[in-house]
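Structures given as structure tokens follow.
You will see chain A twice below: alongside chain B first, and alongside chain C after that.
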Partner chain A sequence: MSNAYLTYAGKRLGQAVIVILLAYIFTFVVVSILPGDPITSVLRNPQNGFSEQEIAEIIAAQGLDQPVLVQLWHSLSAFLTGDLGMSMRSNRPVATLIAEVLSSTLILASSGLAVALFLAFTVAYGTQVVPKKYGQGLLRAFPSLFLSTPNFVIGLFLIHLFGFQLRLFRVIEPDGFWATFFAAITIGIPFSAQIAEVLIANLDHEAEQDYAAVARSRGIAPRRLFATHLLKPAALPVVTVIALTVGELLGNSLITETVFGRTGIGSLVQRSVSTQDLPVLQAIVSLGAVIFVLVNLIADLLYPLLDPRVKIVVGRKRRHAAADDAALGLEAGAKP
Partner chain B sequence: MASQIALNTAPPRTDFKGPALVQARPLLKVRNLSISYGRQQVVHDVGFDIGHGESLALIGESGSGKSTIAKAVLRLLPNGATASGQVVFDEQDILSLSERRFRPLRGRDIGFVPQDPGNALNPVRTIGSQALEAAALTDERHPAARKALILETFAKVGLDNPQRVYESYPHQLSGGMLQRVLIALAILPRPSLLVADEPTSALDVTIQKRILELLSRLQEELDISLLLITHDLAIAGERAGSLVVLKGGVVQEAGRTSAVFSSPTSPYARKLHADVPALNPDRYAKLRDPGFARLADDRQAKISVEGVTKRFSVDGKVLTAVDDLSFSVAAGTTHALVGESGSGKTTTIRLLLALEEPESGSIRVSHDTVTSPGVSSLRSVWRHLQLVYQNPFTSLDPSWKVEQLIREPLDRFRIGSAAERSAAVQEALANVGLSADLLQRKPSALSGGQRQRVAIARALVLKPDVIVLDEPTSALDVSVQADIVEVLLSLQAKLGLTYVFVSHDLALVRQLAHTVSVMQRGRIVEHGTVHEIFGKPKHDYTLSLLSSIPSVRGEKVSAPAVRRVAQKELAL
Partner chain C sequence: MSLVSENIPGLSPLEKLRSLNITPTVALSFLVIAIVIAWSLAPQLFSGHSPVNGVPADKLSAPSLEHWFGTDHLGRDLYTRVVYGAASSVSSALVAVVIGVVIGGLIGLLSGFFGGWVDVVFARFVDVLLAIPKFLLAVIVVTALGFETINAAIATGISTIAFFARVARSEVIKTRRATFVEASFLLGGSRGFILLRHVLPNASRSMLPLAVLQFGESILVIAGLAFLGYGDPPPSSDWGLLISIGKDYLKWPWLVYAPALVTIVTVLSVNRISRWLRKSH
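Take a look at the complex of A and B:
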């Protein structure tokens, strides 16, 4: 682990923290300028049956009578110490509410990712080793097919076939392996398409490179060529694709939870939005930002370790043909 | 004998009996080979033999089908290509073998040295891991023994620190080193045939020379047959026992190298021969030589560069790209800057065009000082000094028509009325020998030579005094190069233009320059008239550059001093 790498990692970590803070502030501002006032719509809602005294207590406890900037300050400092506040509706800590459902969503999202990776790599492998006459074209059509099918349609289809017809899992209050498995497939299919498209394009590109021809001229068989030569350079950009689409993965998990009737972050979001439970919303959006930033941070930190060509340069000022010319001069100085 | 060779235009020759053709069982026998990509046939009925230990060069320009033939021999033709005819290697027809039967021959019997070493090794794997693939083709079973064999072969091809090379990734080595690695990997399983597809065209000239020497030496030592693909007639003449000259996929001429060189029979071979700069040093003497008189008339140097230094800091290190550079160019003459990559040529051009500012020193073009710029004087500099860029395939905006491309500088400088501008465009186009029909075309509808003419017309339209030519022919075929050089020299004679000609091609410089500066690592190591530099070179680096000009086997005309350097490098 070189010094340059540690400097780079420290810098990226600092940037990540700043992005998370900004995301928190941005969410707070957006939530507070949303139309509708939580005090009138939630607390004074006759259905909830709060008395005037209770309402006053909640307002004081949440600090809703304070100026927005003061509210932001309290909220942000609490967030930094790990305190996510209290739900307005249920009067329970937000952290507890989220903790109850988070694991379910994380399991769903990560198994969705696993399914997506498996599908993408399988299809991509097929496009490289299946001959044209045995259906390579069909394999190549999969990503666009997957990408153009909305995932709730896939979900409803799977529920119908495996839930109602084959009765592999309960449709009401589903749990157990099969329920998670089919929900993961629902998420994984569209996601796999994005990965597969990048992967196939990269594999085709790598397969056309001179080094692939040279390796073949050494008698490397197609499957070994795929495994030992093409896979790694083609798969490296997939790290970036995964990092960039992780937000989408979380979003799709929420939809899929609704389709499959699972409890998870999705149902919590739905409840909080409909009741304007601002602390919960603020916490969930911030959590999403934290996850997104973390995943991208990990991708950025991994990349230089995975790809030997990526050189970390600290404090690079500018680079152009003339500088390259000069740099080459140094190299040419070494005896070829 | 000659009936074995498909001769489409030339009458059959009966006067040569090279060893390649008398061997009863040649190692590689190609007969009636035709190759098509889809419906387009690119190779027509080609035939040739390579005997054991013999070398044969396939020569041709782009589109001649030479690389396609090489790929057919290697069975690396892309999907969609179909080949008919026979390619018989060691009694087996490669074209009709199944892939499973052919694979054991790959590497073990037929080795491949590719064109661009920078792209011929997997960028994310170490050299060693790829070398082990080649070592796996040998009889050596033990991993340690395989590694030892690899290191030994690396040493044999002239790599200084085999262990370091073994552990390196491709991007950590220079192009010359990578080509040595690739040659090492190709010869490691001791193949009987080596196919080298333009093995040096991506390399600097002095390295090119060394790589070719290495190939010849290994070919002799290991008794390997060599199929050399090249666009460079001079290289082929120097390296191959026999030649096949191709054009448009058709054999124009074939035979022993010495015979083809001494008496080419086909018109195409004769033209190719006449167009190769290395073989015709005095081809443009008539057009160029009047310019020497202007050198003496030294009242007014068109360009003068004095004590210019430029440094860059890259990755925290300071690199001196150009170091105390001084030269001057007399009006109406051509000054060549020669040197290899990293010698500072590009930086010098950028400084001349005021795209970079030097740390010290001064540059004057005509009466304008390029250094210490004000915007108005820079505009004047740019008006009088134009650049023709290296690669016409990338230097012209593909969405513009020729007319727009040439007119743009006039629009930019707001010169003349619309009618005058279009007249100027027409004149510039006529000056480079293009017809006005092309005005409405886009670059994609032009050939490489036409594109470069458009680029020259574009530089001419402002009526500049000085044109900087940055390797203006290096992306072009040799016959196209000859046309462009002819255009440039007639323009100089007609309009009195001053050229700064940047090139790594010494043979070309010898044909067209009046004065030469030889650059190495940012410094001018030697300068003088073209006759002084080529006739009485003083600096070692100049000598090694000169020795890189190929000369035909048995026809060495180089000075004894040049020979000595060549010997020294051979020993390397």
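Take a look at the complex of A and C:
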């Protein structure tokens, strides 16, 4: 723990807090400034049967009769104390609504992440040990195929094949083991493609290095070369890729949960979208930003400890170049 | 150096084509994209059926010579629906990319070129856009704007701004440090002149493959939004919407797999072209 590291950590922490606050304000501005008025579209909708007095009560309770800046101030100061406000539709605290469904989405996201890592490392391992004439090209095509497939198509394919044809699970029991397993595959596959692309590019880059040639000339087997030499340097940037894309799991849960009929954050978003329940949407989007910022903070703080080659320099860090490339899916080997 | 990299005179068109290094898969990808563009420009040339009115007697029939992709629950020819859906599925992705490239590129250009507080302000803004999960961002924007395909495209475009801003910024900074830009400053070029004449064209070159890549991803995001019902309502036939309708008829799986296959092949082709552009430029 050098002094430079602590300064860097403090600075990074400050940045994280600022980004979270700005993300909250940004979301607030998007949902309140853009056209589309929840009061007329939802509360005055005759289907909902609110009386004028009830509407006035809801408006007063939500503070919707006040200027936008005042609303923002109230909302932001409540957010800072951990109060996410009240749902406009169900008149229950937003925090309770989220807490009810959070565990389901966490299970989905974490098993999806596990599936993604397993698939990515398996495919990447294959590209290094499978000879060219036995289908290495096929393995290399997997990431781009997975990146080009909408994840609802993957989900529907799995449901059709394993649910309808093979009857491995029942679609009406979305929380059963197999249903969760296939939902995790659905959410994990596009994610695995992103990890695999970076991993394969890094492995290829490492395999061209002199030290790898030396190891090969001493007669090392491809499997051992992969495990003892290539894997470690190639896998480190994967930490960055995961950190940058993990927030997307929350967004993608929207589609996966719809396809599999699960309840979770995604289905809560969908319900809130259709009822224009802005406080819930505001809270979930901010939650997404908080998760992203925290995960990246952890990754940034871990990185100099994991990789001694990374020197902390004042100003922008070296890691960012790798992170940018990873986020863009650029091949590391192709860069000058 | 520039003498060598200029087009060498005396190269025949055939040799020029060969120097582009078009592999069979790249040629195939261009063919796929050409077909999809033709579908969106003149769908009536590709199908004699109506995309909206079906023949109830023919409902849910399997793919055949008459109905290439089969028919849906209202007896409408699915191939025709896919062809007519190309326009909004693909052109809306184009709108998204244009929004992302123009706004994101402008942000990157200004913050990379001027640096200082301009850079700091924009960098924070981009950090915020990056922090919000892209798909969630698209969902709240389309919720605020209203459920239409064009709004889904705008929402998707906004969610790509951060990506393009970062790329443009790093490219601009790279170009700014080049010797010829320094030389232009020394020769008395104004900032605006150098920005437009030197930095913009050079920085934008590497944006092209990424814009194409993002085009493919936007097709997927817009299909996702349409799948959730945030695009144009039926009887429009965005590919995502077709798949969403098809999922209620999984006993007739072509209703899902035919539009899904078209989407996958289109995005695969777009990504292949992007990869080729990146390698050859």
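Everything below uses one rule, namely that the second predicted complex is superposed on the first by the 308 of 336 C-alpha atoms of A that agree within 3 Å, B and C clash if a C-alpha of one lies under 4 Å from a C-alpha of the other, contacts with A are read in each partner's own complex, and residues count from 1 in each chain.
In the analysis below, contacts are C-beta pairs under 8 Å (C-beta built on N, C-alpha and C of every residue); 3 or more make two chains touch, one makes a residue touch a chain.
This structure is a prediction, so every number in the text was calculated from the model and none was measured.
In the superposition on chain A, A:Ala23 makes contact with chain C only, not with chain B. Once the two complexes are laid over each other on the shared chain, residue contacts for A:Ala109 go to neither chain B nor chain C. Residue contacts after overlaying the shared chain place A:Ala120 against neither chain B nor chain C.
Residue contacts after overlaying the shared chain place A:Gln209 against chain B, while chain C stays out of touching range. Once the two complexes are laid over each other on the shared chain, residue contacts for A:Ala221 go to chain B alone; chain C is not touched. Contact comparison for chain A: of chain B and chain C, C touches the greater number of residues. In the superposition on chain A, A:Ile255 makes contact with chain C only, while chain B stays out of contact range.
Contact with chain C, but none with chain B, is seen for A:Val269 once the two complexes are overlaid on the shared chain. With both structures placed on the common chain, the touch criterion links A:Ile159 to chain C but leaves chain B unconnected. Common to the chain B and chain C interfaces on chain A are residues 327-330, 334. Across the complex, chain A meets chain C through its residues 15, 18-20, 22-23, 26-27, 30-31, 34-36, 144-145, 147-153, 156-157, 159-160, 164, 247-248, 250-252, 254-255, 258-259, 269-270, 273, 276, 281, 284-285, 288-289, 292-293, 324, 327-330, 334. The touching residues of chain A, counted against chain B in their complex, run 132, 209-211, 213-221, 228-229, 232-233, 236, 307-309, 313-317, 319, 321-323, 325-336. By the touch rule above, chain C contacts chain A in their complex via residues 124-125, 127-137, 139-141, 143-146, 163, 166-167, 170, 210, 213, 216, 220, 223-224, 227-228, 230, 240, 243-244, 246-247, 250-251, 253, 256-257, 260, 263-264, 267-268, 271-272, 275, 278-279. Residues 74, 76, 79, 103-108, 110-112, 114-116, 119-125, 130, 133-134, 137, 160, 169, 171, 174-177, 180, 182, 185, 204, 207, 210, 310-317, 319-321, 340-347, 350, 356, 521-522 of chain B are the ones that touch chain A when the two sit in their complex.
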